[in-house]
């Protein structure tokens, strides 16, 4: 089994991140992981959800969407049929993952909404959304500092995510759509720049997996996330 | 009153159109009219809506959407709240406009869905969607010919659209959002490359207008649409 | 081509307007344009929408509906399936058109909702709704004056609307359903008693149209709207 | 306690029924019970619901709606907010009541939908809908015979309905809205021309009631329904 | 025709009521009428609906649901498709019936929501919900007294309900599902411990019924409800 | 920190499983894990979803719901407001987990729907649903064999699930609601009787966690799931 462009089993797809792609958003980027392209915008509002009022805490939340022809076959527009269970599950995951890198107390009075819209999908859209969404979030926090609304950044850790899987018995990093479709085990990991786990999700699509296999997948993910966070730091902190 | 970049009253905003921006869609483009950016994809399916079966006719339809932070203030995602009346009105307009350039009989057996998703909005999103959507549609028809599914193009006319308005008494072409907000009269025209009208829509926001004023607006629109169609032809027929 | 009852190409259908047909509404009428019958009620509430609070402005809005068997074939009830895009587009048009005849500042503190419910449909339901809705609105304003809630009328202009079209090459006024179905061009115009345009909407159903044809249609519409407004004035100011 | 127009406790409100008020419907009438006005149309379709296919049985069903300003205070349009529980309960009642007068086997292959739309409401809208809906249904059946689609009428009994109540201890027939609002007991009865009960619904709004009181209410209802059916027969069978 | 377990025509099904089956609810019970099992919980909140604020009155309301496999054939989950008209009609009935046993003034400041969820259905689910819902409601009121939130019970009467019907000409008490499906007349009665009627609902499914038959049904219902209320009193007041 | 009933950190809560609690379902059980009580029914239908037709495969799916007062504070009924993202996420998880124990080819022609309805919630409702849902599924498969519809069981593995978490630094098994609310890390594991992983889900609620901590949690889960599967086997295979 040969991966596209002779990619090795433990290699990420080509990665590009363009920041400030939206003239209105407080933070934004376009992240491309291979042919997966996600537009991430972070919108900061000086207002917290009702249930957080007077708690001394701000909030970070995320929404996820996919354009109808982001995929090989056009899918119906969610604005017409409502958000699917899959969409809701993904956006809840993105929100939880991003909050793991933020001190919400330090964001008191503000809500940052991170929109991750998939322009083109080729596997790994939820992990690309987390990695790119973190950049938009970071930039929005920076914007709040520069405009004098916050005095210090609420960011406490860098957060990125990657998918891994076992295909025909071989553990592989950063699956594209074709690989994902044939994977027997499919997992997503979210980690911080300190190498800690934020979120783990793994599913045996066709075959249950052993704890040894899980450890191999974790090794792969740790390597990939390390590279993703290096790129985030390079872009944001130069 | 001075327009951004000293644009004259009868000048279009800077226009750029990039084609084939989506690896799956049969036709696609990213159209930028000033800061308004719309991603247009045309998806061809070998299947017509139920009510057209056995009528010897194909179909062209359009859908329109706006990313939540396409605008200065973030708006709620339509996937969560359903499509607004404004969205439905706009996508019905785009579909009607595009069909005016197509011989539906020559498209028998096929339905082409044109998705116009606004990545960034600065006025004129519906007219940019028509101008860009036509390009995606044209390319999808070309794809059907090249893959042997159609023998000749169902395209019968080039179609483009532009907005015009009267601001502080001065008729102006191709309004941006700030201009549109202060316009007393606001109109959108869709025309063919033969200079014929396909759709006219004009609204007196603050003041009713005379037939003379309508004629001046039509003159402006005709000039702008001529330039837009020249660009379409340059890109598509080079 | 002969019109029903030998109507000439530039003649309106028989018109009747009965006022005060609802014992609760502040203003109401039943307007019959040929076999098209629309019940219009204007409900005045001493309360403005949230976004208008403390702006010194009142509001006028409209809603449109069609009884299930208003048409030749029964259509599903919108209360069961939700308002269609067409319905929303029409009621937005009616609202905009009516506001063109009102000084909203002079209506400060009040919201008038005009309901236009089609009892029987035979073409031109949206234009009949505007012409009849204006009467209901006028009567509701009068009621607010008589009950001492307003000191002067916020009405600044009479507003009426009519449809025109080109059928087999012949421009015609006030199309019925059968005519509308075969029209190559179909347009609706809204004008004031000063002969100014409030709203123009024209669609090439089967053939694009020239500016000369547009001018002929405007002439016809101007004649018809003149007659409609004369009738409105006769009824309201007798 | 004096009733409007000195009506006696056992008297119906003034009743008028105008038939064939809709040019498209197979059967229709406008029924006015005092100030309650309901437009009833019966639409016959040569098609039965899926669950009745090949059972040798036709179907009769009903839908109910109220125009937004049918009432003293305008209520939100159900097309915008969906049908309320009350609306669904009422239309299920109307459908059951009308089916009691029909041999569904004799209607094999047809579905008749009876729409009851309240133009103006002053109490007793559901019972007026049944009494008027039966007339529309009867006329539609007659239409099916006259057009050769049925050979004999599926109508097996006349059906009408009336409300009764106990107000300040006094049983009264055919309550108007003001009376209904103060009634301690409120009941609706549906009966056939043979004096049999089709549907009984009674609610103790403020006070439970005895079986003696129930019998008095039944006496009143029987008298009123007798008069309603006499009117139906006079109109339909002259 | 022989009833299950040789039950006589005027006998209730085996009845069991287990109280306090939910550790959170202020009042709860599981009521089993034959194979019909309904879980009833009463939730007391120190808050009234908006329209009752400052009226000196509390509120009691009910909701009804059925688990998907409560019935012989699994039915779609209402959480996925929305509440049916039948469900809404039933829960409105339960709420009205329960309020007949409560002095709402004495419940000022509180809203008690009674949830009746059918675990298994075999006919008579709405009447079992009323009989069991009353017990949950009574216990919740008792809880409010014991926790010092109320000083005296707002309960003014015991309320219970039962179904009756005519099957092959024989009036029968407390129908199970199979009996209910073949009944020509089907009625539900709600009564108080004083023998007064709270709610009557009767429907001629296949045949209209006479007042004599109605009286026989009332006799049966009165007997059954007497037994149900005796059981309620035994459980609640020992 | 002392657990309820002095439970040790690696102990399950008291577990009880009652089978065949529903007279209609092909398989059913009531599972109680401490105060968490879930009613599981498996409904077998001889019909597969459209997208599986003629693929030689059957299907297993799950739905999840919670009664309004299953929790300390009553929550709004999902039948009124629609299924939340959380509910959809949980029922997708349950379905995936159960399918891991089934050879879908051996279930060709059948769809088994497993409904998991939470009667009372005290933490771990999704894992109890999986453990109990498997029992209902197993029983339904057994029923298909006994009724001659299948010749051999499609069950290929026993599947059970448990939650684990880190509370104040201490890894604990099978969290109740209070524990879950204070957990810094919260994870759910699904495993087979062969000790293989089917699904892993872990979230750092307040603090990211190390791979060592993950391993400790996996050890705990493996112990708990072993005990749960022993109980399943005891009940089903005695």
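Order as written gives the chain letters A, B, C, D, E and F; numbering starts at 1 within each chain.
Just so it is clear, contacts are C-beta pairs under 8 Å (C-beta built on N, C-alpha and C of every residue); 3 or more make two chains touch, one makes a residue touch a chain.
Predicted, not measured: the structure shown is a model, and the values here were computed from it.
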Duplicate of the B-C contact set - from A-B, E-F or A-F, the pair where over half of the pairs recur: A-F
Centroid distance [mean C-alpha coordinates] between chain D and chain A, Å: 59
Chain centre separation (chain A, chain C; CA means) in Å: 51
Chain B, residues touching no fewer than two other chains: 83
Traversal of the chain ring from chain D via chain E: D, E, F, A, B, C
Contacting residues of chain D [partner chain C, same complex]: 22-25, 28, 35, 39, 41, 43, 45, 63, 65, 67-72, 74, 77-80, 82-83, 87, 113, 115, 117, 119-120
Residue ranges of chain D touching chain E (in the complex, touch as defined): 83, 85-86, 88-89, 91-92, 96, 100, 157, 187, 191-192, 194-204, 208-211, 214, 218
